[in-house]
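Quick one: structure below, then a few questions.
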Amino acid sequence: MSDIIRTEGLGKYFGEMAAVHEVTVGLKEGLFTSIIGPNGAGKTTLINLLSGYLLPDRGRIFFRGTEITRMRPDKRVKIGISRSFQVMNIFPRLTVFENILLPVLSRLNKNSRPLASVRSQKEAVAEAEKTLQEVWLQEERDSPAGTLSHGDQRLLELGIAVASNPQLCFLDEPSSGMNPIERVKVLELVKKLSAERKTTFAIVEHDMDVVFSLSDWIVVMNRGEILAEGKPDEIRDNKEVRDIYLGEEI
Amino acid sequence: METLAFQGLVGLSVAMYLWLLAAGLTIVFGVLGVLNFAHGSLFMLGAYFAFTFYGLWGVNFWLAIALSLVSVAAVGYLLERFFLRHIYNQDHAYQLLLTFGFILIFDDLVKMVWGGVAKIPPMPDFFEGTLRIFGRPYPFYNLFIIGAGLLVAVVLWLIFEKTWWGKMVRASASDREMASAIGVNIPTIFTGVFVFGAMLAALGGALGTPVRVVAPGIGSAMIIQAFIITVIGGLGNLKGAFVGAVIVGVVSAYGILLFPVFELFLIFLIMAVVLMVKPQGLFGS
Amino acid sequence: MKKTLAIGSLVVFLAILPHFAGQYILYMTIHIMILSLFSLGFNLLFGYTGLLSFGQAGFYAAGAYGCGKILLAFPSLLAGIIGGVAVAGVASFLLGILCIRHTRIYFSMLTLSFGMMIFSLAWKWRDMTGGDDGLVGIPRAPLEIPGLLRLNMTPMENYYYVVLVFSLLAIYLFHRLVHSPMGLTLQGIRDSETRTSCVGISVRNYRLISFTIAGMYAGLAGALLPPLESTVTPPIAHWSHSAEPVLATLLGGIYTFAGPIVGAVLFYILKDIIVRFTEYWLICLGVIVVVLVLGFRGGVMSIFSGKGGQG
Amino acid sequence: MSEKKKISRRTFLKAAAVTGIGSLAWGAGRVGEAQEKKEKTPAKAKPAKKVLGVDVIKIGGQGVTSGAHADYGWQILAGSTMAIEEINAKGGILGSKLELKFMDEELKPAVAVKNARYLATEWGAHYLFGVDSSGSAMAVGPVLPEIDRVCMFCHASTHRLTEELVAGKGIKQIFRIAAPVYQESILSSLIFKDFPNIKRWAGIHCDYEYGYSTWALFKETLKKYRPDVEFVSIAWAPFWTMDFSSHIAAVMAANPDAIHATPWAGEGVMLLRQALMLGVFDKIQAWFQCMGGSVDLLEGISREVEAGKFKNNLWATARYIHNYPDTPENRKFVESFRKRWNRLPNYSAETSYSAIYVFKAAVEKVRSLKTADLIKALEGMDLMTPGGKRFFRPEDHQAIYNVPVGRVIKDPNYPIPILGDLKVFPAKDYYRNPPFAPIKMDK
């Protein structure tokens, strides 16, 4: 099984603080991967680097073997890398449907059309409608995204991320701020999507039960470095991991 | 050489009025996050009040300036308390628009009260006369203005670095939530800061009265220059405002001497270049 | 349905206006249409792309001077207007490359400074612009398409129809634009720059497109001016003129399609009526602005349509 | 009437603010009627009304009434208002009353054009007058044929208005009752050519066409008479110059013998006072303040003149000065103006006052309000006005009349300084004559 994305000695430093340091890691295609670690371990920074939201100070990034270290985020989306944000980042004034439609149009390279009406973009509209249902938001279709409940906004966040139909999709705490039941539902949804859409997901998640029950592969970070990676059981037995999660039952 | 030096010195005195105007503007922006279009109007009001007390009613010059500061402070208080306060969390477009509205209002108000004729009160006797610098006569008053400008700079530095109030203000500037969490009364601080900024503007206007013209619209004529200065120096940055004012004042002085045709163009060019190279301004972080 | 009816009747009204309205009404209506186009373009940047420009008057002036120069050299109305738009388009594209790298207040200040540079250029480059006396005696040249038609523009109602046609066309195109995928993209940029780039859209390119189109609308507005006034002078490039579309747009409503147009109408009528009755028109305008900002932030349109959608 | 006289300027403006300028003129009309009844109108006035076919003759004026130059617009308004009150009091023109509407031109050409169009095509003015800024005048001029009205320009002074638009383009609807820039440029050079010790001239001039043309014409003419003079430095001051120290220092760096300056209104006062501060008058032999004869400026420097700070070296002219000519017409005008507004009239007050009387004379001559007839009547007309005998030159529609240059001095008979030691030149000697050669402006 080949790495879909791979880093070599990746580093990002904010002044003295090493947010990500000497990270050399590969994510396997088709494996549902979770990135875990205590707060400040550098999980989000790593995602920001891989998605192009931040540029690294050191090291290199390869997507399917080709280097993308300094590629602009929008270009990375075009080659199949998309993401969601930990802090809610949707289009509050657009309707839920438009929120989903935008990435679809972008993927089909139709968003540069100045005079065609949006409705006339049959293919894109159909696809967006489908995605809308996949994330259970069809009832909210025409309400401004800013007015949705927190849970629904999370779903929309997910919807936007998958709408550009990526091969690799990073989800930064897709279930943050949700109650346990919602959380399980959302993550099962993600799992389902990865199966249907043949998308490789890499998520940052705090709920260990969910992580260990759903993930095929787990990457553990601490102080900006990779502490360990492996199958859930391997990680469960890993001494160091236990140490940093001291007290927590995993 | 002496010509250039003298010209620079003259430009410096011009720069001090700009500094007093820009200081308040940048403080208010830094803390309240509001770019106050009407700040120039407060400058104008300062001039008109000083003229009224000193020029019309013959109050002692220093007292007149003090009184004009108090009067403008009152205006500033009303402005903040009843209008600006309602739009702090609004898009800065609305803040600009609201304060723009007040430019129009103040320009007409002063015309209603003081009439359209430009006013210039007499120069206080103790400022009469000149000093020979670089072989040419240099007015005492300009020296006084330079001194006053520098003094204000020092005082501001002391206030913001050394006093409790200054620390509170800096805290609420850098992080409102944090500040209010540690028990800073944000609304009071904001009102205080705005009034403070208004008084700085008033001081600039008042100090100008003996030598400059007091007429409707002098504020709106200067506000754009003040914007340029604060942008060059870095929005919300006091040191930057001072340096920016000196740059603008001196550069235009040399512009007039060396290439009069492009003087107007020059200052905007500087601002554009600074924005493109270092958008956060020379001293912005 | 109701909407189309209203618009239809409005168009008909404008079309028959010259038959019962006097010279001055036509003149004012032309000005209102010009300001509408100006504000519409401004709002493409502001309301739809989230960029507040204080330099639009610069491009307005580029269009006006461009058109004026052409008409003085070669009396053909179409050449003048199209030429003016082209000049403004080039100017806004080139300056856009520099401006769109910034957002928020920095963008506003940058556009302000470029606008004022154009102003001082208009003021100082006297061989080209005629200084503060401006370009004088610009002919209201005939509308001519060689071998096809030739319309005399001397009577104002003829020119009124030209402006009306240009305006309706421009407004229609604008409507298409903001309801197109590109329009949606721009609104996405307005709502969240980072999100937009993370769904595969190059934010800068679209900002530049938006800036250029806005500049061309300003240019069109400007280009329609010289044939009407026969003069072009620097004040039209001054920042205080850039403030007019801002006022009009906020007056009418930012997040509605018709906002800027409604605002333009109100702005003109208000000012025209006020100045007739008092020399203290500034204060009246100021009070109106303050009340609007504090009272109806959604603009007049929000009073009709509760929600601030994209119209 | 008596209580009308007492109305101060402030309350007058308040009234204007509330009820609009138009209604003031309407009030004036009423006063007139009242008057009429007292001294029962001459019998022939009644049928005469038919002559013009209107009960009210509408007169539309404009000037700057906002911002730093607001006083100039006010002077135009005051002068014309007074003329209209007088005329209405005597039964109007051929029995028709005059009504005035006055608007703010804001020094913005676009606004001036809009005003002109409104006044002519909407409000229905028969006659237009006023306009302060040259830019506005140049913009209004070309519109006049379309709106088919005569406009009598009372202040805007660019030579291009009459030389290019009238003599050149043949726009016959333009007339100018005020002296053009010849006054400040050519006349001053004729005066100063006789000062052999003044060899080095410097200029501090408005950074717009007014300043450019004044400086160019001054240099051109003076050079003719005095090949030996040099023009050693020039500083340009844009509108809204808030501080002239830099400009003054810049020109003084070249040690000039004399300075020629155009900034007007408040800016002029500021310029002179800052020049005093910088000790300019200890070094130079003469300072020519072009429009220094304007009342607002003289008010502004009153104290300094009294203290003799200008060492009697401050020279000035204007487009009319209240102490010249010494004729009954002028004395009467100044006196009643001071009664009516308790201020002295500046030149735009006189030019606009006379503009109304010129119109009256023209209408009474052709007994018609048609633009074409008025143009006929005005071309070549000469008329006695407070400012002296005015002759409207047919070629360029420019009024020819004398305004002297003088030193700014204090005179016990006046509350503010006046121009004394007057140097009078016949206008025809310093006005440019058609056909006009363009002025080359190197700056």
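For reference, chains read A, B, C and D in written order, and residue numbers begin at 1 within each chain.
Following the convention adopted for this analysis, contacts are C-beta pairs under 8 Å (C-beta built on N, C-alpha and C of every residue); 3 or more make two chains touch, one makes a residue touch a chain.
Not measured: the values here are computed from a predicted model.
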Shortest contact path, chain A to chain B, counted in steps: 2
Maximum centroid distance from chain C, chain identifier (CA atoms): A
Innermost chain by mean C-alpha position: C
Centroid distance [mean C-alpha coordinates] between chain C and chain B, Å: 33
Geometric centre distance via CA averages, chain D-chain B, whole Å: 36
Where chain A and chain D are represented by their mean Cα positions, the distance between them in whole Å: 75
Multi-chain contact residues (two or more partners), chain C: 123, 280, 282
Multi-chain contact sites of chain B, meaning residues that touch two or more partners: 107-108, 111-112, 261, 264
Numbers and ranges of chain D residues touching at least 2 other chains: 13, 17, 65-66, 207, 238
Chain contact topology (line, ring, star, complete or other): other
Touching pairs among all chains present in the structure: A-C, B-C, B-D, C-D
Residues of chain D touching chain C in the complex: 13, 16-22, 65-66, 102-104, 108-110, 113-114, 117-118, 121-122, 134-135, 138-139, 141-143, 146-147, 158, 160, 164-165, 169, 207-209, 212, 238, 441
Of chain C, residues touching chain D in the complex: 22-25, 27, 31, 123, 126, 131-134, 136-137, 156, 229-231, 233, 235-236, 272, 275-282
Chain C - residues contacting chain B, complex: 46, 52, 98, 101-102, 104-106, 108-110, 112-114, 116-117, 120-121, 123-124, 239, 243, 246-247, 250, 280, 282-283, 285-290, 293-294, 297
List of chain B residues in touch with chain C within their complex: 35, 83, 86-87, 90, 92-94, 96-98, 100-105, 107-109, 111-112, 224, 227-228, 231, 235, 261-262, 264-265, 268-269, 271-272, 275-276, 279
Parts of chain D lying in touch with chain B, wherever the complex brings them together: 9-10, 13-14, 17, 65-71, 73-74, 207, 234-236, 238, 240, 242-243, 245-247, 249-250, 252-253, 265-267, 269-270, 273-274, 277-279, 282, 296, 299-300, 303, 443
